[in-house]
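Each in structure tokens, the structures are laid out below.
Same chain, two partners: chain A is paired with chain B first, then with chain C.
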Partner chain A sequence: MSIEIQSIAKQFGSFTALDKVNLKVETGELLALLGPSGCGKTTLLRIIAGLETPDGGQILFHGEDATDTHVRERQVGFVFQHYALFRHMTVFENVAFGLRVRPKHTRPNNTEIKRRVHELLNLVQLDWLADRYPAQLSGGQRQRIALARALAVEPKVLLLDEPFGALDTKVRKELRRWLKRLHEEVHVTSVFVTHDQEEALEVADRVVVMNKGRIEQVGTPEQVYDTPATPFVYQFLGDVNLFHSRVHGGFAQVGEHPVAGDGAVAYVRPHDIELLREPAPQTLVAKIDHVRAIGSIVRLELSLENGDPVEAELSRDAYAVQRYASGERVYIRPRSARVFAEDYAI
Partner chain B sequence: MQAVSTTAVRSAATQEAVWVCWLLLTGALLFLGFFLVLPLVSIFAEALRKGWALYWEALKEPDALSALQLTLTVTLISVPINLVFGVAAAWAIAKFDFKGKSLLITLIDLPFSVSPVVAGLIYVLIFGAQGWLGPWLQAHDIKIIFAVPGIVLATMFVTFPFIARELIPLMEAQGTEEEQAAMVLGASGWQTFWKITLPNIKWGLLYGVILCNARAMGEFGAVSVVSGHIRGMTNTTPLHVEILYNEYNFVASFACASILALLALVTLVAKTWVEWQTERQMAAERAAVYET
Partner chain C sequence: MRFKQPSVLPGFNLAFGYTIVYLSLLVLIPLSALVIKTTSLSLAEFWQVVSSERVVAAYQLTFGASLIAAVINLFAGLLVAWVLVRYSFPGKRIVDALVDLPFALPTAVAGIALTTLYAPNGLIGEQLAKLGIQVAFKPLGVVVALTFIGLPFVVRTVQPVLQDLEAELEEAAACLGANRWQTFCKIIFPAALPALLTGFTLAFARAIGEYGSVIFIAGNIPLESEIVPLLIIGKLEQYDYAGATAIATVMLLISFVLILAINLIQWWHARRHGMRK
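Up next is the complex of A and B:
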């Protein structure tokens, strides 16, 4: 089922959580709402679910206005950040809850409920935990049970609020891949909220980058990472070096981007910084302060003559050939850069 | 388990001198003995001073029996009503946001801060013969003051905060996420309450009911104002104790008092049991978290 969000606005007191947001979620896709905390992503998710009422605008489910439809009737599955499992019920009863509360004429009988619950528990690979209580599970297990519970009611839309936020890094990585696989299996329209760019880029079909109640960019992970639409997206998705054209005269001109006057800023990713030992046109002089090898990459911290810091990344192989040492003077230039006008508010 | 072992192992570095320990301990025990144990013992001692036969006789006396019966009736009416209203009030306050919430919380606390005598007087002023509704009630032959309804009203007023006060912090701590989850899964408000909210608060609720029950049985001041002290009709056990005492009928007075004391002891045992249950449940939850 597709979801259409039309100029949805939400105000909390004097704080604008959502400023007339428009967005379309296509049927069957896995969409990530990405942004820093307070950007309105969770509010938007809760408005889609019906847990929050918008001040203005409309929500269409499959082309039909659902703005005033009660949460109960929206047929959405919602996975809460802290799972919100029913603590006094076993895992089995948690998953069965959505089926048991149905009105009599649509409620499946006990055998059917049993079959469905075990099917879902098998899907999340936790059937062996059916008789345990939520307090007896680990964080990752609770998250998967919460997901099974949300899927039990066969939702048309699956909404996940920071689904991996409360887990440690290793479990998080596992669950990410697992969620991706699950989505390929179940193929229900899904929206998840995250502040972790890596998570959004790895899991989602499309990423919506949000900031201060507005959408900055919508696109595939490649699109938002490689061609960020705004300086905010550039900075939020990964590390970036800023070069002010006024300060580093002429520097921003390199590549295919000409300088847009005095007040231009060039955004360059660390891995797009090229290091040279010999002077060349359109380079800046820099001193290497630190060299750190982190896994497959080597990160170099440099400083320009005026003291501005610059970060560069090399692959281990490239580093092995050049062997830069800290304290060394080098010449840097960007392989590619994006130029934005300076007055662009971030 | 962790907590137990750390408190059990105590080094000299964290412990006071022996004489300080003994001094504090003796002080506490003496205080406890004089103010709590001694009065309790004296009630039973006085009641039984002239033997079991007289004690039994005093309890079997029709006025004493009717007083006890009235006390139990009033309790049986006021506690369930307060249970319903207390849960409703706590639910509204803890799970919803609305205007005038803090005013409502203050109002719920009112019976705690107002003297019970004043509470009784309020009802006399409203329902009494010279009160606001007095003439109308008389015209329709409805008796509230100096009758059972007045006693029930006064008891309800005094015991109202017990259940709500017990539940509000508990429900606020639990938050509303489980309720929201139930709602998204298609549960109606009613189903959510019975299947999610109520099971989560059951021990706290029982605790509140026990406290409310204890106070309802023992209430004196407010009930004294509205009851009229009609023997065999509007006399509750606490009032009956006072009447007997004023008549220098000490054995009967203490005998009735001992019944109230017994009820209080039963309540305390029940309360302790509930506390123990809650703690055990919480400990089990905590232990389970550490295991995994």
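Up next is the complex of A and C:
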């Protein structure tokens, strides 16, 4: 089922959580709402679910206005950051809850409920935990149970609010892949909120980058990472070096990008910075302050003559050939850069 | 399970010793003295005292009325706690403070006030009398007084639990299609149940031992509206110390068994839900 969000606005007192947001979620896709905390992503998700009422605008589910539909009738599955499992019920009863509270004439009988719950528990690979209580499970297991519970009512839309936010890095990575696989299996329209760019880029079909109650960019993970529409997106998705044309003169002109004249800022990713030992045209002189090997990459911290810091990343192989040492003087130039006007500041 | 778990906080021996001494001085020694005094009676004499018609009637009234009052408080207390936690209204703080008044008020004052209200010529009693209901000087009056003094126990134990109940649980239930009544019955009530049981136990225990507020409104008619504590006082005034302790010992025993039973239910409940290992 598709979801259309039309100029949705929400104020909390004098704080604008959402400023006339428009967005279309296509049927069956897995969409990520990405942004820093306070950008309005969770509010938007809660408005889609019906847990929050918008001040203005409309939500269409499959072309039909659902703005005033109660959360009970919206048929959305919602997964909370802190699981919100019912502590006094077993895992089985948690998953069965949505089926048991149905009105009598649509409620499946006990054998049917049993079959469905075990089917879902098998889907999340936790059938062996059916008789445990939530307090006896690990965080990752709890979130998978929460997901099974949300899927039990056969929702038309699955909404996940920072689903992996409370878990440690390793479990997070596992669950990300698992969620991706699960989505390929059940193919329900899904929206998930995250502040972790890696998570959004890895899991989602499309990423919506939000900031201060507005949408900055919508696109596939490649699009938002490779061609960021705004400086904010550039900075939020990965590390970036800023070069002000005013300060660094001709440096902003290098690469294929046209010069934006005075007051331009060039955005360069650390892995796009090229290091040279010999002087060359359109380079800047920099001193290497620190060399740090982090897993598969080597990160160099440099400083320009005026003291501005620059970060560069090399692959291990490239570093093995060049063997830069801290304290060394090098010449840097960007392989590619994106130039934005200065007043487009963040 | 081990007797002593290693802990970063030192002082287990001191704290444990203090606990034992303190409990002994305040609870165990006085209560043992009570039981020992009772043994000055022979078994036959003891049985004669505690099985006399008047004493048995008093036991029935005390435990019966306490139980009814505690059950009333269970529901009324939950309701009051719910309103205080969930809604904001003008004067909420005053209402919140009112709940504690039965704690603070001298029980005799409460008893006299209730009697004045519920007596056949009192403000409420007069109206009820027209309906043929007499409260004061009847067992019903005992229930009223015990309900009054027991209310804060339930409210104050349930209130923090309701406050801590995550709104997300209700939102999750709503997303899954539960209506308000289902959410209350299946999510909120079970979550508050351990605290409700605790509040119930406290209110019940308090009501069993209550004296001051009851004696004014009860009328103290033997075999009808006479409570156990009053019987004990009566015996004491006649210098029948052994008789008084005999009645008290039986009361102590029943109370202890009842409270232990409720605690066991709670323990079993907590264990079943994996809150304790």
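Descriptive notes on the structure:
Basically, the second predicted complex is superposed on the first by the 345 of 346 C-alpha atoms of A that agree within 3 Å, B and C clash if a C-alpha of one lies under 4 Å from a C-alpha of the other, contacts with A are read in each partner's own complex, and residues count from 1 in each chain.
By our rule, a residue touches a chain if its C-beta (ideal position, glycine included) is under 8 Å from a C-beta of that chain, and two chains touch if they have at least 3 such contacts.
Quick caveat, the model's predicted, so the values are computed rather than measured.
When both complexes are superposed on chain A, chain B and chain C clash.
When the two complexes are overlaid on their common chain A, residue A:F86 makes contact with chain B and with chain C alike.
When both complexes are overlaid on chain A, the residue A:V71 reaches chain B and chain C alike. Within the superposed three-chain model, A:W178 lies out of touch with both chain B and chain C [touch as defined at top]. When the two structures are aligned on the shared chain, A:Y331 is found in touch with neither chain B nor chain C. In the superposition on chain A, A:S138 makes contact with chain B only, while chain C stays out of contact range.
Chain A residues 49, 51, 71-72, 76-78, 80, 82, 84, 86-88, 97-98, 101-102, 133, 135-136, 149-150, 152-153 lie at the interface with chain B in one structure and with chain C in the other. Looking at the complex, you find that chain A touches chain C at residues 49, 51, 71-72, 76-78, 80, 82, 84, 86-88, 97-98, 101-102, 132-136, 149-150, 152-153. Partner chain A is touched in their complex by these residues of chain C: 166, 168-169, 171-179, 182, 186-187, 190-191, 193, 273-275. The touching residues of chain B, when paired with chain A in their complex, are 177-178, 180-188, 191, 195-196, 199-200, 284-286, 288-289, 291-292.
Residues of chain A that touch chain B in their complex: 49-51, 71-72, 74, 76-78, 80, 82, 84-88, 97-98, 101-102, 133, 135-138, 141, 149-150, 152-153.
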